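Shared chain: subunit A. Partners: subunit B in the first complex, subunit C in the second.
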Partner chain A sequence: MSGKALSLAAALLSLLFLGIFLAIWHVATVPKAQSQAPVDEYAKLLGKGAKQAEGFPTLAQLGEAAAVQLTDPFYDRGANDKGIGIQLGHSLARVGAGYALAILFAVPLGFLIGMSPLLYRALNPYIQLLKPISPLAWMPIALYTIRDSSISGVFVIFICSVWPMLINTAFGVASVRRDWLNVARTLEVRPLRKAFAVILPAAAPTILTGMRISIGIAWLVIVAAEMLVGGTGIGYFVWNEWNNLNLTNVIFAILVIGVVGMVLDFLIGRLQAAVTYVE
Partner chain B sequence: MSFLQVQELARRYGATTVFERVSFTIEKGEFVCIIGHSGCGKTTILNILAGLDTASAGTVIMDNREVAGPSLERGVVFQGHALMPWLTAMGNIAFAVRSRWPNWNHIQVQTHCQKFIDMVGLTGAEHKKPAELSGGMKQRVGIARAFAIQPKMLLLDEPFGALDALTRGTIQDELLRICEATRQTVFMITHDVDEAILLADRILLMSNGPGACVAEIVENPLPKPRDRHSIHHDPQYYRVRNHLVDFLVNRSKRYQSGELGNRGQAPISAKIVNLRH
Partner chain C sequence: MSHDLDEQRILETAVLRALVPQGDRRRKFLRAVGVSSAGAALASFFPLGALTAMAQQKAKPERAELKIGFIPITCATPLIMADPLGFYREQGLKVSLIKTAGWALIRDKMLNKEHDASHFLSPMPLAISMGLGSAQQPMRVMTVQNINGQAITLHVKHKDKRDPKEWKGFRFAVPFDYSMHNFLLRYYVAEHGLDPDTDIQIRVTPPPEMVANLRAGNIDGYLGPDPFNQRAVYDEVGFIHLLSKELWNGHPCCAFGTSEAFIKENPNTFAALFRAVLSAARMAREPRNRPLIAKVISPPNYLNQPETVVEQVLTGKFADGLGNVKNVPDRADFDPFPWQSMAVWILTQMKRWGYVKGDVNYQQIAEQVFLVTDARKYMAELEMKAPASSYARVRIMGKEFDPSEPEKYLASFAVKKAV
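Right, the complex of A and B next:
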């Protein structure tokens, strides 16, 4: 199959899968024709026969909710009723801040660790110890010391983004080809120029791989973190709608989280492609 | 005083001596090749001359100064071309040129680079990345990069080893032409006897390692300018060639075992071989 035909076939198959999925959803949630038989005492006792509309949302309900949310995504009617756009904005701001701090911290430190076998060995046990800790486990300590739920969220994003970047930067810097460093040495290139003109471009694809892993983890973690601390953000939105028993909005929010995560990954992926070189 | 003096160079790893008592000189404008089997320490010697490696004993003096580290005075063409893959051909050469003349402006750098790109016959491929170039073109960029910093001495580590015979011949011709034009002093490692006869004024022959040494220094009797297409018609050509091949096949081992030379001890100075009639 040629490339074009393959793409077309893949697209059609994707659409088919979507169709099957939506069809199953539709069939499973379509409201059953209510028997108009009088409700007996027993059923009443069990709560049956009451309004059944609160079941799993149908496609039409989801579409309706999406339309409502998307026509006015930035409304603000008090603490517990904000548009999804505002909530997303809060989440993205926290992820952006935590992620940016992680870059500022991890890339220079990773550089040093990668350049120095001594530092690499000295710090490696701590990195290995801290890396597997769920970032949410830091939350109580963050809340206690920072005393601000929003900044604690930023801290949690920082702590979960920092490890992949740190490890990948150190690895990328440590494995720069000896030949290129020798070229720099024979040309008497000064250390700072060597760092920016040889080591950084050589390690950039590996560093960006770390950054791409980090953005994925950060977007996973922000939802959980916001569910935990509440207040604002897409995670809080999901939890709030669950408390309102509004599953339609929960499903809509899940879709939005997926789309935003995909866009974030795509953006870093583009950056990664821009710095990747063929040897 | 010779331009380059290598005195009593040795390299040891623990109890193993890779080579010892390596002494030779190179005059300004001279082209010297070194031949020997793998493991005799040729690349280590070249790296010591470049300042990238240090010797266990001995000294290297270039232009009355001891070689104590890498320097822009010595340009190196690496075995694996060592081009930076994220830079274009021009970018790789410009990186070297900017290192040599940090105060040059963009135009000066570009003009200088273009001159050397044209010199190695890469006109039109300036803006290609190494991955888009053939093996021969990559090595040409490496050569242009080394020449562009106008070093006092050029060190070539088996630069044509990975190339096909046709490409190798073309680049050898170019190198010969450039060296004649610039009177460049060159030290080059090769495995190819014909290449050595074509390019070198003198050929250093290393015995096998461990415990290798420069056993013989052969003066190339073939007159300059040498031409790849007619050189093998010279009556002296096969005498030189046989002498070199003989060394690689037989004598390199016998020097190592002590059958030739000073009974297992590396000779203090290599045997000078003059094959002129």
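Right, the complex of A and C next:
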């Protein structure tokens, strides 16, 4: 199969999977014929007849919820009821801040660690110990010491995105080919110039890999963190709708979270492709 | 001085306007008798002096923009409805109500000063002031938010296990360690011979997550705040085993409070807040206002619940999950008076279950934290009836509690945590 035919087939197969998935969903949730029991006072108090959704939402309900949310994504009806666009904005701002801090911290430090085998060995145990800790486990400490829930959210993003970047930067810097470093030494390149002109371009693809892993983790964590501290953000939106047991909106939010995560990954992926070189 | 005179003049005009609303007649009256004698005539049958004093007291708040934290439950009805119904605005305050994910966060955000005042569980300001479960910081209870209004909800599969003696091994949820829910549930099962620490499991779950956990079978039931008891019935996953008023009719539940530091720094704001929340409580106490209140607090910005669920809670006409429609008008009420005897009772239970060890100076703590004097002052201003005494004897499940003898009361319990 040629390249073009392959991607066409793949696209068709993707559509087929989607179709099967939606068909199963539809069959599983198709509304059963309501028994026409008279709606007495008790049933009325249980919301019979008036209740919109019973059990798992149908495709039509999901479409309706999505249409409602997407036609007015930036509404603001008070501190606790804002449109999905505003919530996404809050989440992205938090992720952006925490992630930027992590880059500022992890890339220079990773550079140092990668260039010095001594530092690498001395700090490695700590990195290995801190890396597997769930970022949310830091939340109580953050809330207690930082004394601000919004900054605590940013801190949690920072702490979860810092490790992949740090490790990848150190690894990338440490494994620059000896030949290139030797050439630089022969030409008597000064250390700073060596770092920026030789090591950085050589390690860039590995560093970007770390950043790509980090953005994925950060986007995973922000939803959980916002469900915990509340207030604003897409995680709060999920939590607020869950409190009302409104599954339709929760599913819609999940879809949005997935799409945004995919876009973030795609963007860093493009950046990664731009710095990759062929030897 | 001239400022005071101006104020007096404005007040006279306002009273005159109220008495003679038609403009031309009022002007004729003033022309006939002269402005100052009109004022004197008014003063003879109107307590203008008192009114002037009151208007002066309503000094401008030091801070108009405030953040108040709340948990989306009907216990917070007065402080929530005060926003859409304009009770804060009326006092010159611009309040943002911040929906908060759980009680631990309510505590932390008050300690951090992220929130200026807050919805509390009434034991929380006592615990925080004593440094239990948090850094010690003096917190104050301005008003009790609600009395009654809680319930024990069980999973529908336990429909025929109505006797607590059959509950061994059950898992229950309560909103927080320092909550009336925790203490009332412990009291209830202990009166039925179960040890709440060993015979059942009690876990802390934020109220909004209780229904989801009950549905998932993570818990067998909860003593929780409404609307989540009624919501479990509405979603047909639980039934109301018993209303908390059947344990102690008139028990406090949530409170409205702030920190001692806030009161010191912003006395006028504190007064304005007090008046706003008391005015809301006064309106909430009237049963005929309840359907309207249910309507304004149900939208996503506040409780985010179906209106019929909230209305069933507030009006007391509700489905119990067992097929009956019940009518209990005092299922929930909003008496704001912060009885210090309630604080003493809470402290006895904290000691009973080992949350506080050693000697407790019950009355001193109660009198520090529950601001009865201020409550009386602002209730009088609003012409609300406040009791003369700050302590009252109550009966809880038929057993008398005498607030003047807390240690004797504590000694009378068969089930308690061994010290």
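Assume the second predicted complex is superposed on the first by the 262 of 279 C-alpha atoms of A that agree within 3 Å, B and C clash if a C-alpha of one lies under 4 Å from a C-alpha of the other, contacts with A are read in each partner's own complex, and residues count from 1 in each chain.
We adopt the following convention: contacts are C-beta pairs under 8 Å (C-beta built on N, C-alpha and C of every residue); 3 or more make two chains touch, one makes a residue touch a chain.
What you see is a predicted model; the values in this text were computed from it and never measured.
Trainee: Could you figure out whether subunit B or subunit C reaches more residues of subunit A?
Mentor: Comparing touch counts on subunit A for subunit B and subunit C gives C.
Trainee: So, A:T145: does it touch subunit B (first), subunit C (second), both, or neither?
Mentor: Touch partners of A:T145: none, neither subunit B nor subunit C.
Trainee: Which partner does A:A202 reach: the first (subunit B), the second (subunit C), both, or neither?
Mentor: first
Trainee: So, A:G230: does it touch subunit B (first), subunit C (second), both, or neither?
Mentor: Once the two structures are laid over each other on A, A:G230 reaches subunit C alone.
Trainee: Give one of first, second, both or neither to describe whether A:N124 is in contact with subunit B, with subunit C, with both, or with none.
Mentor: Neither partner.
Trainee: After the superposition on A, what does A:L245 contact: first (subunit B), second (subunit C), both or neither?
Mentor: second
Trainee: Should A:T186 be classified as contacting the first partner (subunit B), the second (subunit C), both, or neither?
Mentor: first
Trainee: Contact-wise, after the overlay, does A:A79 reach subunit B, subunit C, both or neither (first, second, both, neither)?
Mentor: second
Trainee: What residues of subunit A sit close enough to touch subunit B in their complex?
Mentor: 177, 179-180, 182-183, 185-189, 197-198, 201-202, 204, 275, 277-279
Trainee: Would you pull the subunit A residues touching subunit C in the complex into a rising list?
Mentor: Checking each residue of subunit A against subunit C gives 41-42, 45-47, 50-51, 77-81, 143-144, 147-149, 227-231, 239-245.
Trainee: Name, in rising order, each residue of subunit B that touches subunit A in their complex.
Mentor: 50-52, 70-72, 74-76, 78, 80, 82, 84-86, 95-96, 99-100, 129-131, 149
Trainee: In the complex, go through subunit C and note every residue touching subunit A.
Mentor: 72, 96-101, 105, 108-109, 111-114, 208-209, 211-212, 231, 233-236, 299-302, 304-306, 308-309, 312, 317-319, 323-325
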